[in-house]
Each structure stands twice: as C-alpha cells, then as structure tokens.
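These are the structures in question, set out in turn.
Heads up, the next two complexes both have chain A, just with different partners, chain B and then chain C.
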Partner chain A sequence: MKALVLLSSLGVISLLAELFSFKKLLYPIVLLGLIATFIFNIQDWNVANNTFYNMLQFDNYAIAFSSVIILVAFLWFLMAEGFFKEETNMTDHYSLVLFALVGAVILVSYTNMTMLFLGIEILSIPMYILVGSSKNDLSSNEASFKYLIMGAFATGFLLFGIALIYGATGSFDLATIKTGISVQGATPTIFYVGMLMMLVGLSFKVSAVPFHFWAPDVYEGAPTVITAFMATIVKLAAFAAFLRLFDVTFFRVSASWMNIVWVLAALTMLVGNITAVFQTRTKRMLAYSSVAHAGYMLMALLAMNMYSNSAILFYGLAYSIGSIATFTIVSIVAEARGDDGIHAFNGLGKSNPLLAVVMSIALLSLAGIPPTAGFFAKYVIFTSSFLAGNVFLVGAAILASLIGVYYYFRLIIAMYFKEGNSEKINVEMNHKLLLIVVAIAIIALGIFPDFVIRLI
Partner chain B sequence: MITLLLIFFPLLAALMLLFVKGEQVKKIALGATIVEFAITVMALLQYQQGNTTQFEVSYSWIKSLGINFHVGMDGISLLMVLLTTFLVPIIILTSFNKDYRNPSRFYSLVLAMQFALVGVFVSLDGFLFYIFWELALIPIYFICLLWGGENRARITFKFFVYTLTGSLMMLGAMIYLYLKTEGVHSFEIAALYKSGQGLDLIHQGYVFWAIFMAFAIKMPIFPFHTWQPDTYTVAPAQGTMLLAGIMLKMGTYGVIRWLLPIVPVGVASNANIAITLSVIGIVYASCIAIVQKDFKRLIAYSSIAHVGLISAGILACNVQGVQGGVIQMLSHGVNVVGLFFIVDILQKRYGTRDIASLGGIRNLNPQFAVLFLIVLLGSVALPLTNGFVGEFLLLNGVFQYGAWTAAIAGLSVILGAVYMLRSYQSIMLGETNSVTVSFAPLSSSEKAVLIILCAAILGFGVYPKPLLDIAGPSVEKLVDGVRLAMGK
Partner chain C sequence: MITTYLFYFLSFLAIMFGLMVVLSKNPIHSVLYLVLCFFTIAGHYVLLNAQFLAVVHVIVYSGAIMVLFLFVIMLLNLNKETEPHKSLWLKASAAVASGSLLVVMVASLKGASTIQSTNTFNPSIGLIENLGTTLFKDFLLPFEVSSVLLLAAMVGAVMLGKKSIK
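Right after this comes the complex of A and B.
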C-alpha cells in the first residue's frame, strides 16, 4: 500500500519539477524515493492488509514481487541516466516511468478484476508513449504504434474475458469467483470462454508464442533502456498477475486450461530460442531470448505446486538482473560503435575487459550455467515441473536451453575470439559501478539463493 | 576443515592471480599449487586406513530445498584429489618455457579449474556435485577458446554443447531422484542412494542411461567421443593435459560414486550394453590411433582406448575391476600428461607433430629418448610401470564379467603397444632428417617435469601397495554395497 502511495507521489513530484524548476535535482530525488519505497514496502511483510474496498491485497506474495520490481527499477534508473538527460521531455519521462511502476505494483497486488484491468492499463499506456520516445527515429515511432495497436487488441480480449466471467459468476472479486467455480460442472460455458479470452490477453502481455509477434519489432524499435524496462519490469508484473489469476483463482478448473498452457510453454521456449539463433542484431536476439524466457516461467506457472511462486519470483529476478546487464552493455556498445549487430562486439574482450567479463557472466546466467543465478532459477523451475509430472516439458526445456546456449555463446565467442575494433569504449563511472554490482549479484544469487527462495 | 582448505585455496589463489602482473605470475601459480599439494599430503598423512569417509564437513546451504554443502573424502576421493593436486603443479611447470598472452588470466583459469575439480571429487551432495561438475567446464572452455589453435571457436563450442547436453540429462535424473527421496527432499548422497535403489527395474534403467550419458560424454565412450580428438588437438598443451589428465577422470569417478550405488539394478541389467560400447571403443580407437599421422591426435585416440578399458572394468562392478579403475585413473593421468608434454616439446622444437617427418632424435639427445621411453612404456602397461598395475586389475575385473569381453578388451594392450612403439620408432630412432637437424637441449623445467613423471611411473609400478591400500577398503565397501543391492 505504502509503495503505491509513494510511487504515485514521486510521479506527481516529477511532473511538478518543471513548474518549480528543480529538474536538476530530480534524478537523486527519484533514486532516494525508490529506496524509501523499498524500505516502506518491506515493512508490511507478514502484515497482510487489504485496501480500496478489498480490491488490492498486500500479502507477502505482493510484497515480494513489488519489492523485486522496485529493486529492478532502481537498477534500471542507474542504467538509464542518459535517457533522462534530454532537456525537453525530461520530466515527462520520469513521471511516465514512475506511473508505469504504479501499474506494475497494482498488477502484483490485485484481488479484483477491475484492478487487474486498471493495473494493465496504467502500466501499458506510459509504455506506449515511452516506446515512441525517440521522436525522430522512424522505427521507434513504428514500434510505438505497433505496440499500441497490439496492446489495445490484447486489452480488448482481456476485457471481454472479464465481462464474460462477470456474467458467469456475478462478481469481479477473485475470492468470490473462486468459490463460485468450486463446484465442477456447475459453471456455465461462458465462464470458460471468458477464461480463455483472459488467457489470450495475458499471453499477449507476457509475449508467449503464438502471441509474441509484436515483441521483436517493439523491442528493437524502442530506445534500448525502454526495451530493458519492458523485458524486466513489465514482464515480472505481468507474470505475477498471470500467476495469481490462474494458479489461485482458476485453480479448480485447471484441467481446462492446463493443456493450453502446456502447449504455450513448449512453443514459447522452442520458437523463442530457435528464432533467436537466426538473429544478427543483438537487440532483436535479446528480444527473442526474452520471449523464450517467458516460456520457462510459464512452466512454473503450469506446475501449480509449492515451488511455483518462488520459482517465478526467483526466475524473474535472475532474468531481470541478467537483462539489465546485457541491455546496459548493448546500449553502450551500440552507441559507441554505431551498430548493434553481433559483429559490433568483436574484440570487446581486448578493448574493454570489464564489459566483456560482465557480459559473459550475464549471458552465462541467461543460458543457465552454474554457478549463476540463471542456473538456479532454471533448476527450481525444472524441479517444480518434474514434481508436477511434466516430464516431457522438462525435456523440451532442456532442449531449448541447449539451443539458447548456442546464441548466447555466439556473443561470447565474438567478444573473445574475433578480431575487431580495438578502440577502447569510454564507459561512465556509474555504469561501471552498476555493472560490477549486477555481476556480483548474479553470482551471489546463484550461490546463496535461499533467502529469495524462502520468501514466498 | 582440511577438505574446505583443499577446495577453496585454489579459488583464492585464482582470484589473487588476476591482480598480479608480469613474469612472476607463473611462479606464484606454481607456488600456490605446490602449497595445495602439500595440503593434500597432509591429508594423506592424517588419513586413517579404513573404509570410512573422513574429513567430513557439512553445512546447510539452501535449506528450503534440502541442499547441503557436504564434502568429505574416502580412499577413492582422496586418491582423485591427490591426482589433481599432483598434476596441476606439473602442468603449470610444463608451461614455464611458454609465454601466453595475458598470463594472469591463463593461470587464474587453471587454478579455477583445480578448484572445481577438487570440488567434484569431494562432494557428497548431489546438487553440489552437479555445480562443481558444470563449474569445471567454464574455465577449460575459456582456456581452449582463448589460447587454442586453429578453428578453436567451432571445436570448443562443440565440446561445450556436447558435455552440457550430458550434464543436463544427469541433472534431470538427479532431480527425479531428489523428488523420490522420503520425507523432506534431500540431495544427500545417502538419500539419493536410497531413493535410487528403491526404484523398480525400468525406472532404474532410465536413470542409469540419463546419468551414464553425462559420464560417457565426459570420458568419452564410443559413440559419444566425436568431440574429443578435435578438442584435444586444438586445445593449448596445458589445456589438453588438464582435459585428458584430470577432467576425463571426472567421468570415471562419477560412475563409481554417482552411478553404481544409485541404480545397482539398473547397472546389472544395462551394463552389458555400456560395457559393449566401451569395448568397441577400445578396439575402434586403437585402430584409428594406428593410422594417425599427428602425434597429438594419436594420443587423443589412445586416451579413448584407455578410458574404454577403465569404464568396462568399473561397470563390470567387481572389486578388482573398480580397484583397477581407480588405479588406472591415476596412472593414465600421469602418463597422458607426460605424453602430451612430449608432444609439446617436439612441437616447440620442430613446429610439427607429424610422426613421419620426425626421426633420429635419440641420436641427438639420448637423455630425452630414455625419459620418453619410460613414459611410453608406462602408457603401454609394461610390467614394473604404473600402467601395468591398473590394466592387470582391470582385465582381471572384466574377465570375471566375461572371458570373451576380456579377450577383446585385452587387445587394447597389444594394439597400444603397436601404435605407441611404432610412433616411438618413427620419431626417435633411425637417422636424423632435414627436419630434425638438431635438438635444443631440455631446459631445466622440462627436465624436472619429465623426471618427476618418470619417477612416479617407475616408483608406483614397482611398489603400488600404498595406493592400493588407500583405495582398497573403500572400493570393497562400495562394491559390496552395490552387489548387495543387486541381489548377487
């Protein structure tokens, strides 16, 4: 609850910055504000409280996810300092990002369908604008437009689904819906239709195959920092929402959606990874890798056992910090060498050893090689899937991971093996610090995962 | 405590080395590995003769998932650690006449590799074992990628993916066993043994193949060996020595510790296929070795043949076989490092490894010829060398399993003699030719390495009792346990 209030106030403050001309101070204010939000947020730990007429619930699940989101947002701000240097739209950028965070926090704590809808919209509308924030770049505009159309389409599905479920159960409240469908067979057919439509809508948001077609174009067209934001925070929030809706509310009718999610998960992992192999531009490759990672998270969602929540939380965290590192480096390299093709990374191991080492650690984590966080994340997901009896899905995931290794290693090989531009890239001090912190975090989370796993 | 020291000392040294600049990196790395060897010797002195697991340390690591940091050593582990800590300083010493780019990184990776290898050999928790197992892959991958020869990107990548595939299958099997443990799930070795032995015949078979695949690729066993000759050839000399001398033993050690006792019934019903593959590998690799022109590649293939015999002996699952396997792992480690070093010496002097183009070196440097001959005789298992002890026990073990199998496996000794002696003849004997006009005298570090290795080969060949005594009781206990569970 406190997180919501604080984030919204931060958003409003940043709008006022233009008026009262303290724009220069805004960056430290936002960073401190995020730290304060994080601290106030975890104070609610173990004190489940409901707000807004029981439409939001800040239980441990919500607090764990929102804390991770705020943490990742903090790292993201460190990465994105350059994005806020532009004079004309600076305050808009701040407030849009902060309001998107508000949407993300609502998405992890809703207990009512209306709040789900509000959360998705509050998260998405700033994103539509931010994706198009390189106003003079044609591909950024195109991405924004594409994202808007696709997003609106998905929201339409979601809303239609909510309406049908309301028709079937007479309520927006998740608990009421849950009790309403407790008797198998007593639920009308429109309920199932509604549920499927919601599944489609949410699959769009987490970019699960075959609803992923927007993702590569949008990820590639958007400014790199915004791509990082979408790949991390938006995905985390959408998964938390997905999980709460399907694993908790629709648990009793799981037999009717499990097979669909099974296929979605397998397709997402395989198609995402296989398509990524053929990409020659890093941003687009990371976009497909992001699609693939959604597949692994769907596996945990499908398992519906004691590991599922912590598996998705841990996977989301591991994947997010790995992505922050890779996107930071991609944006640095792309800016310095004027190109984000894989060949732009040639010889990076010689010219910038720090960038190359951190990139390698992050890529090893994304590929799931021990002792990184990414390995442990995959391990928990495999375990929970195994426990749920999805042995073939684990087999598909193993195959997909091997394919993943192929394209992640292409970058490592380019950095260390290929001769290339030996000119040293200048890296700002704060980026260096961020990268070192993130690299340590990736390894630390891989070696001591327990304190995150135990959370929920 | 001493186990923790053994594991983490190399890691600390590796991290420290990253900050050392210039020439003294080699010396510091050598010093650190000698200290590590001294620690092993201390452990050896403290080791109480018997079949118990000693120097045990166990901490709760990931409590919510029942994963412990549990390490300890019985006789088998101790010998493997001894092999690792003995060979790494020697491998570092072999590089004393070489100048690698970025030496601090190179030696740091070698020490990181040692850290992971020691970890593999002392882990008593399935998850920990898997972590170390994978961890060993990363330094060697980078050693080969950064300092390797032609075409290395493609070849080392094939190696990486191959081994990773096997590892992931093992991980799957481990998770399966973990979820079958009773009560609070646990990766403790005892719990995994129990859950594996509780499975029915068919499921033990699945688990057997999933885990065996990981080990078979690492060793490698025919037909999973295709990554090996290329990788050995393309890797830098020290990388090849690490791969063949120690890393290969991860696979054979894995079979002893993490396969036989986990699925004894699965072994009993599936081992015949695995043994057949191993034996095919022996003959196949030996035949290919005979026609090799490149000496390094020849040794790579001979390594497949040797490891095939080790694997067959272990899978036969009797005391002699497993005992022989353990002993032969040590011998093969020493011999193969010696052989690859000789390749390196020749290549540095003549710029070629082509067997046919060399000749007559014995006339130029009789001392080198003698040392080479001793290493070579160890490798072809002449009595009174270390190779003989292991191969004799192994063939004895395989014979108990099946006389015909032993007869075919025994070809490894004969064919080994053929390709080894033939290449010795071609390289060392005869008249010098245009390539081998002169032979730069052995440097002191080269001499030191060869003399230490030869001393080990002969000393251990003449008096193998101390090592047999360390391995014996632990092997008996393990094999008895397995045979009991097999119902034999």
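Right after this comes the complex of A and C.
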C-alpha cells in the first residue's frame, strides 16, 4: 500500500515540476523517491495486512515482486536518462512511467478482479502512449497504434471473462471465487469459458504464442528504453498477475487449463527461439527472445508446486537485469553506428572492451550458461517443472534453449571475431557505472541464487 | 409478466441493432445503430430498477462517446466505403476463428439455467443510495485508483497532442 501511495505521489510531483519549474531536480527526486519506496515497501515484510475490503493484499509474495519491480525500475531510470532530456515532454514521460509502475504494483498485489482490470489498464495505457513517444518516427507511431488496437481487443477478452466468472460465481473477490469453485460438479460451464477468455487476455499481455504477433513490431518500433521497460517490468507484473490468478484462484480447476497452458508454453519457447534465429536486427531479435522467455516462465506457472513462485520471481529478476544490460548496449551502439543490425556489433570487442564484456555476460545469462544468473533461473524452472511431471515440456525447453544459444552467440562472435568499425564509441559515465553494476549483479545472482530463491 | 415481455423485446432489439452495427456498410449507420443498441441496454437497466445507471449509460455512452465517434468519422472523412479489400484467406481464417468463438459461447450456455444465484436479487440494489454505499465503501479503493488511470490517460493525450517547444 505504501508503495502504491508513494509511486502515485511521485507521478503527481513530476507533473507539478512543470508548474513550479524544478524540472532540473526531477531526475534525482525520482531516483530518491524510488529508493524510499523500496525501503518502505520491504518494511511490511512478514506483516500480514489485508487492506481495503479485500482489494489488495501486500503479503510476502506481493512485496517480493513489487520490490523486484521497483529495483528494476531504478536500474531502468539509470539507463533511460537520455529519454528524459527532451525539454517538451520531460515531465509527461516521468509521470507516465511512474503511473505505469503504479499499475505494475497493483498487478502483483490484487485480490479482486476489479483491481486486476484497473492494474492492467493503468499499466497498459501509459505504455500505449510511451511506445508512440517519438512522435516524428513513423515506426513508433505504427507500433503505438498497433499496440493500442490489439491491446484493447485483448482487454475486451479479459473483461468478458471477468463478467462470465462473475455470472458463474457471483463475486469479484478471488477468495470467494476460489471457494465457490471448490464444490465439485457445481461449477457451471460459463465459468470455464470465462476462465479461458481471461487466459487469452493475459496470454496477450505476456506475449505468449499464438498471441505474440504484436510483440516484435511494437518492441522494434518503440524507443529502445521503452522496449526495455516493456520487456522487463511489464512482463514481470503480468506474470505475477497470471500466477496469482491461475495458480492460486483457479487451482482447483487446474485440470481444465493445464493442457492449454502446456501447449502455450511449448509453442512460445519453440516459436520464439526459432524465429529469433532468422532476425538480422538486434532489437527484433531481442523481441523474439523476450517472447521465448515468456515460455519458460509459463512452464513454472504450469508446475504449480512450492517452487513456482520463487522460480518465476528469480527468472523474472535474472531476465530483467540481463535485458536492461542488453538493451542499454543496443541503444548505445545503434545510436553511435546509426543501425541496430548485428553487423553493427562487428569489432566491438576491440573498440569498446567494456561494452563487449558486459554484453557477453548479459547474453550468456539470457542463454542460460553458468555461472550467470540465467543458468540458475533456468535450472530452478526446469527442476520445478520436472518435479511436477512435465518431462516432455522440459525436453522441449532444453531444445529451445539450445536454439537460443545459437543466436545469442552470433552476437558474441560478431563482437570478438569479426573485423568492423574500429572507431571507439563514447559511453557516458553513468551508463558505464550501470553496466558494471549490472554485470556484477548477474554474476553475483548466479553464484548466490539462494538469496532470492528462498525469499518466497 | 409485462417485464418478461419487455425483457425479450429489448433483448431482441439489442441483438438486432448489434448485428446491424457490424453488417451495415456505412460507418455512420454503424454508429447510429450502436446508439440505438445502447438505448436498449439502458432499458435493461431500468427493468432491473437501476435508473441511475440507465441515465448515466445514456449520457456517457449514447451521448458523449458516440458524439466523439461521429466526430472522428467525419474528421477522417470515412463516410464513404473506403475499406480496403481483404484477401480471401484472411476472410476465411477470421470466419473460422470467430465461428469457433460463437460455438464456444453457445455451448457455454448449456447448464447456465441451473445456476443457483448465491445472492438473492435485491430490487433496491440499483438505487443511487445503495450504489453510493457500495462505491464508497466496498469499492472505495478501485474508485480512487481509477483516478490514476484517468490522469495517466489525460497526461498521455496532452503529450501526444502538444507541439514541441523550440
């Protein structure tokens, strides 16, 4: 609850900055505000507080996820300083990003369908706008429009699903719905249809195949910092919501959705990774890789055992940190070389050793090679899925990971073994610091994964 | 008895106008049919003794949003049949997908008549007093949080609309 209030106030403060002209101070204010939010948020650890007529619950699950989201948001702000330099829309950008964070925090803590819907909308609407925030870029406009239309369509499915479930159980409250469907045979058919429609809506938000068609175009067209935001924070929040709804509330009818999620997970991993192999532009490749990573997280969702929650939390953290690093480097290189094709990375190992080393560490983590965080993230997910008896799915996941290694290594090979532009790229000091911190974090999480895994 | 006949009459009209929205070729006609469809749904609200919701529905949907639709259609000059021709493949796949959805929806009605309502229908539930109590007590947090949503949407609209200072 404190996180929600603090983030909304930060959003309003950044709007007031225009009026009282402290725009120059806004960047440090927002960073300090995020640190304060993080501290106030973890104070509620192990304090069970059920707030506002069962609308939100900040249990350890919600606090762990929201803390990770705030942490990733802090790193994202360090990465995205350039996005907030533009004079005209500076305060709007700050407030929209902070409001999107409010939506993300609601999504990890809701216990009522109305809050789920509001959370998804509060997260989505600023994203639709931020995707189109480079107003003179045609592909950004197209991405924004596409995302808005497809997103509104998916929200329609979600809302229809909520309405049908309300019709079947007479409640929006997750706990009431859970007890309502516990009586065997008493669940009417419209409940299952509602559940499937909610599955469609949420699969769209996490970009699971075959609901992923928007993702590559939107990720490619959006400004790179916004792509990084969508690949990390939006995905993490949507998965936390997905997990709470299906693993907790719809647990007793899991037999009717498990097979569907099984197919979704397998398709997402395979299609995402295989399509990524054929991409020649790094941003589009990372977009498909982001689709593929959603597949691994769906696997943990399907496992439904004691490891699921921590597996998704750890995977989300490892993937987000890796993505922040890769997207930072891609935006630096693309800006300097004027192109984000893979050949733009040729010879980066000689001209900018720091960028190349951090990029390699981040890509190794995304590919799941030890001793990086990505290895343990995949390991925990595979273990939990294996213990749940999904042996074939684990097989498909290993196959998909091997395909993934191929295209991640193509970038590493381009950086170290190909001759290219040897001109040194100038990197700002704060980006250098961010990249070093992120690289250390990836390795530290790979060596001491227990620190996060044992949280929830 | 009269309410039952009214219910079926309004439902028939609502579905028919809904179909006309999709089927009519002229976008202006679609919007006007949508207005009529919203009016019939407002009639349903009145049948449930929810006059306030009925009035709000008419003002917000039939009034504000539909006027906005009409404005956009007129500004974009869409009143002619300018829709590009879709390929046969696309049409076929759309028909299969939406047809399957229709089958699922119809199948879901099987057994719906046996649903035992857990909360008995309270005829005064739609009156303003009860609505206000629910809104400001049980649903206070969603009510407050939706202000963030509206603010974000407003900021976004201004951001997309304003000229750059230079």
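We adopt the following convention: the second predicted complex is superposed on the first by the 456 of 456 C-alpha atoms of A that agree within 3 Å, B and C clash if a C-alpha of one lies under 4 Å from a C-alpha of the other, contacts with A are read in each partner's own complex, and residues count from 1 in each chain.
Rule of thumb we're sticking to: contacts are C-beta pairs under 8 Å (C-beta built on N, C-alpha and C of every residue); 3 or more make two chains touch, one makes a residue touch a chain.
Note that the structure is predicted; figures quoted are calculated from it, not measured.
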Partner contacting more residues of chain A (chain B vs chain C) = C
Scan A:F52 for contacts with chain B and chain C and give back first, second, both or neither.
-> second
Is A:S351 in contact with chain B, with chain C, with both, or with neither (first, second, both, neither)?
-> neither
Counting only touches as set out at the top, which of chain B and chain C does A:S8 meet: first, second, both, neither?
-> second
Touch check for A:P188: first (chain B), second (chain C), both, or neither?
-> second
Look at A:V394 in the shared chain and tell me whether it touches chain B only, chain C only, both, or neither; answer first, second, both or neither.
-> first
If you stack the two complexes on chain A, which partner ends up touching A:T114: first (chain B), second (chain C), both, or neither?
-> second
In the superposed arrangement, which partner chain does A:T155 touch: chain B (first), chain C (second), both, or neither?
-> neither
Touching chain A in the complex: which residues of chain B?
-> 61-65, 130-131, 134-135, 137-138, 142, 145-146, 152-153, 157, 160-161, 164-165, 168-169, 171-172, 175-176, 178-179
Considering the complex alone, what residue numbers of chain C touch chain A?
-> 104-105, 107-112, 114-115, 117-119, 137-142, 145-146, 148-149, 151-153, 155-156, 158-160, 162-166
In their shared complex, at which residues does chain A touch chain C?
-> 4, 8, 11-12, 15, 51-53, 55-56, 86-89, 92-93, 95-96, 99-100, 102-103, 106, 112, 114-115, 118, 121-122, 125-126, 128-129, 132-133, 135, 164, 167-171, 180, 188-190, 192-193, 196
Residue set of chain A touching chain B in the complex reads 364, 369-371, 375, 379-380, 382-383, 386-387, 394-395, 398, 401-402, 405-406, 409, 413, 416-417, 449-450, 453-454
